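One chain, subunit A, links the two complexes that follow: it is found with subunit B in the first and with subunit C in the second.
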Partner chain A sequence: MDSEQPEGKVALVSGNEAAGEAAIRAGCRFYAGYPITPQNELTAYIADQLPLRGGVFIQAESELAAINMVFGASAAGTRAMTSSSSPGISLKQEGISYMVGCELPAVIINVQRAGPGLGNISPAQGDYYQATRGGGHGDYRCISLAPFSVQEVCDLTYLAFDLADAYRTPVILLADGMIGQMMEPVRFDHLPAPSPTPRPWALTGTPGRKRNVIKSLRLPPEELEAFNLKLQDVYATIEQREVRLEVTGPDDAEVLLAAYGTSARICRQIVERPLRQLPFKVALFRPITLWPFPTAKLAELAEKARGILVVEMSAGQMVDDVRMAVAGRCPIELLARMGGNIPSAAEITEKLITLFA
Partner chain B sequence: MRSGNAGNGMGKKTTTKRTESEVKRVLYERPRALLDVHTHYCAGCGHGTMHRLLAEVLEELGVLEQAIGVAPVGCAVLAYDYVDIDWTEAAHGRAPAVATGLKRVHPDKVVFTYQGDGDLASIGMAETIHAANRGENITVIFINNAIYGMTQGQMAPTTLIGQKTKTTPRGRDPETTGYPLKVCELLDQLVAPVLLARTTVVTPKHVRQTKALLKKAFQCQMENVGYSLIEVLSPCPTYWHMTPMEAYHFIEQTVTDSFPLGVIRDVKDRA
Partner chain C sequence: MQPNEQAAPAATTDQEHRLIIAGFGGQGVLTIAKLLCTTAMSEGKNVTYLPSYGAEVRGGTANCQVVVSSGVIYSPLVEQADSLIILNQLSCDRFVVRLKPGGLLVLNSSAVALDDASQTGARQVLRLPAADTAARIGNVKVTNSVMLGAFVRASGLVAEEDCLAALREHWSRRRAEVIDPNVTAFRRGVELAAEA
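== the complex of A and B ==
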């Protein structure tokens, strides 16, 4: 891909490559990663481009090492990123928890594959709980962004760096093997020059200032509770300010599809180009931030809806957040595919007709 | 005795009255970077001596303001409370990876890790070997006391054969637990490391040798020569169930049989 994309030019790239390019444009100057399918194009893109554009690329000896190198680079005050796929993201959880405890910003991209265990390399959405409930040990949340197109991979990767800086937290970009591997036309030229926030806390040596110590060890229970309360305050602010979503379809829809990422992509097709005429109006509710989840908006839509069909490439994880938001306002149904299977538009259409016609 | 010439007036006649500060000769004082606090270390523990040497060496090399330390998980987890420089903690065993990130972002800073045997040679062995193999331009201070101190005395990878610990109550049996792991000799198989040495802190002579090696290790980094590791055989009287003096003698008489002292590799000397 041409990294010096001229104004107004559109490039045909994969989601993985788009994430790499957007990260570099967002001012990411440190990346450490470890090979795993289906995100290898991202690592390869960064390995090729980042050193040419003033940054550091390291192929780490493990996912553990990779996330801890990112820890070090972030502590040093630079914008840093790692990426992996589901099994590798499990290994990174230790480091993510420490980064939360140390208030270190970073971007972590998960190009999900199907599990549990080694599972397979097909696209899946089984890491929703892990991404939205913290994932590692301790009481924390990470902002989780869910792109559903290659353009959105680009835009949300860029945004992830700003959010990580603003709230001094790791931010997860939760893609999947489909989003990572598919190629679409993308624009990068609208991304502004990066503006990392000042980092007075960073480790840069001490000339002209008192020393900085970055740590998550807080031995007195009162001190650790105070820190946790501070985190909870930050999370309350994030829930107020950072909810992002998209609703596609008629305002007076009777039935809602609720999905993110690849499953949202299929659902949107049913709303915009239905396979067959449906005897009711359908709209798609698509969270872009999985955490914070767009609870208020979904509750409002549920007031007017006859029912909601949640479509997930997992046993049903986001459906929990849907249930909490809807709180009994309308019935909720689930179409769950697992093992790397992508629900088809026909399958979803059938289910809609069976449930709501 | 190198501390100034005040009061060195033997044979010289002086008529002016000397002020108090001229008379005072500083023989021993706290290094600038060693914070004026009580440490949590047990009596006779080697960490105190090593913290002091670290502070002295960084000050003498003039790099206190460039230094960034990576603290371990283990007894020295609070090292940042004692030495007045920039520090970060690292998860158990991950210090070399954290140091890699720091040093690659700030090649002009002096980055070191301070790690115990469980941290460096057990849970963090992969990070240790790969940072060494990449030749990261960092300094690793490896405190080997052959035991897990902070978690109350379990077997470490460096525990001696026959040594009793909480998890080897009848002594370490190599049949089931393997042998004391020799980190310097292991890393000596790699191409990239430039300085690998084993030393101790149990006599004044050893303390001086350790200080010289530590200084050399930091100089390697400052001159961009590459990766160095200084292994320090360090007493843990508490979990060796010995008095401090017994622990010191145990190192000299017994521990050094399994872990011979000396410079295992010094690429600068060889060149």
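== the complex of A and C ==
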């Protein structure tokens, strides 16, 4: 991708590059990262561009160093980001937990690959639990955003910085190898100039004000519990205000597909342009925020559905949130592919017919 | 929100073309894909470009799944291809089964043998001595441009002049020694397809 995108022009860009460009346009001025496939183009794009556009890029010595550099940059009041892929995101969990403990905003991009362990470099969705249940130690959640196109990578990366600021929390963008590597036409010119919220809490030196302290150590149990309750209040607000989802297909669909990210992209094919005629109507329920999960909307849809097929590139993780939301209103089935395999439109179609025809 | 919104929303009349381009790393597989995508975009179409990634090195295998559509593209995966552009034997063996009946098969016959093409059910099998042609032009590296020119002529997916413009733009920062053979190779590919 060429250095600057001309305004108003559509560019052919990969998901990884789109995340880098959107972050810079969102006012990210600090990035630290350590290479790992399939997200290296993101790090490379930021390395090329951020120093030219008023920011600091550091290739850290490790993922731990990178997340702790982001911790420091955020504490100093800078919009900061790191990115990695699954094994690298595991390494960053301690730092993310500490940032939550310090109420620090940051954006963390996970371009998922298949696991466990080193696994392989193919697209997967096995980090859903990690992204939506906190991920590190302690009692917390992170807002988790799941793009299913390169344009959405751009738009949600930009949004992630605003959400991180608004709630003083790390925000996870959960992509995968396909979304990161795929190129599509993307525009950036609709993104407004960044508007970071004031940061009176930041460590900026103390001219004429009381000293700021940023720490996550709260020894008295009463003090920590008060902080825990404060976090829970923030989370309740997030659950109220920040749920994002998309439902596509006929209003009177009998069967629902439920999927996010890459698997939603494949499911969308079946809803919009089926490989073969299905003897029932199908719609797609696609969470864009994985946490907060669109529980209320799914419960409403489940009332009139014959059944739901959850399609995931994991052994089945989001399906737990679906079960909790649906609470027995209709049967829930699962199509799970693992190991870096993307479910094909053909196999999803077969499964739908077997289950619901 | 649509996955890509450059063109009008999906209609049943959308023209969608799904293709796979495959060969050795270093043969210019991804460049063919990217040029087809930028050309189609310049004509107002939607595209997706999904490369194999990571473990590929020069001499290893490389492939790219491309979808071009007048409407919105949902799955970027090419399970069944309208066209295959194949630059080496390994890729031929692997991908030929993915060609739709009635599809277009473009082979670099300098490196690929396919004895019984009738089994593929292809509408047209274009066997181009692309690497030999490129060598005669003076640079075997432009094999991919021969293949691209031939594919564009045989498929009619994008306009030849638009693709040539995208090719010139792609190499615009290079010297004439790089641009000119690519242009010559593209034109030669068009001729070879026209003669076939």
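Please note the rule applied: the second predicted complex is superposed on the first by the 352 of 357 C-alpha atoms of A that agree within 3 Å, B and C clash if a C-alpha of one lies under 4 Å from a C-alpha of the other, contacts with A are read in each partner's own complex, and residues count from 1 in each chain.
Everything that follows uses one rule, which is that contacts are C-beta pairs under 8 Å (C-beta built on N, C-alpha and C of every residue); 3 or more make two chains touch, one makes a residue touch a chain.
On a predicted model such as this, the values are computed, not experimentally measured, just so you know.
Engineer: Of subunit B and subunit C, which one touches more residues of subunit A?
Structural biologist: B
Engineer: What is the contact status of A:Phe71 with respect to subunit B (first) and subunit C (second): first, second, both, or neither?
Structural biologist: In the superposed model, A:Phe71 contacts subunit B only, not subunit C.
Engineer: Answer with first, second, both or neither: which of subunit B and subunit C does A:Ala124 touch in the superposed model?
Structural biologist: The answer is neither, since A:Ala124 touches no partner chain.
Engineer: First (subunit B), second (subunit C), both or neither: which does A:Glu152 touch?
Structural biologist: Only subunit C; A:Glu152 stays clear of subunit B.
Engineer: Which partner chains sit in contact with A:Gln269 here, subunit B, subunit C, both or neither? Use first/second/both/neither.
Structural biologist: second
Engineer: In the overlaid three-chain picture, which partner chain does A:Ala345 touch, first (subunit B) or second (subunit C), both, or neither?
Structural biologist: It touches subunit C, and subunit B stays clear.
Engineer: Across the two complexes, find the residues of subunit A that touch subunit B and also touch subunit C.
Structural biologist: none
Engineer: Show which residues of subunit B lie in contact with subunit A when the two form their complex.
Structural biologist: 64-68, 70-71, 77-78, 80, 84-91, 94, 97-106, 109, 126-127, 129-130
Engineer: Okay, in this complex, where on subunit A does subunit C touch?
Structural biologist: 10, 12, 37-38, 121, 148-152, 177-178, 181-185, 246, 265-266, 268-269, 272-273, 342, 344-346
Engineer: For the complex, which residues does subunit C have touching subunit A?
Structural biologist: The touching residues are 1-6, 10, 14, 16, 34, 37-38, 41, 46-51, 53-55, 72-77, 79.
Engineer: Can you list the residues on subunit A that touch subunit B in the complex?
Structural biologist: That would be residues 29-30, 32, 56, 58, 60-62, 64-66, 68-78, 80, 94-95, 98, 102, 203-207, 211-217 of subunit A.
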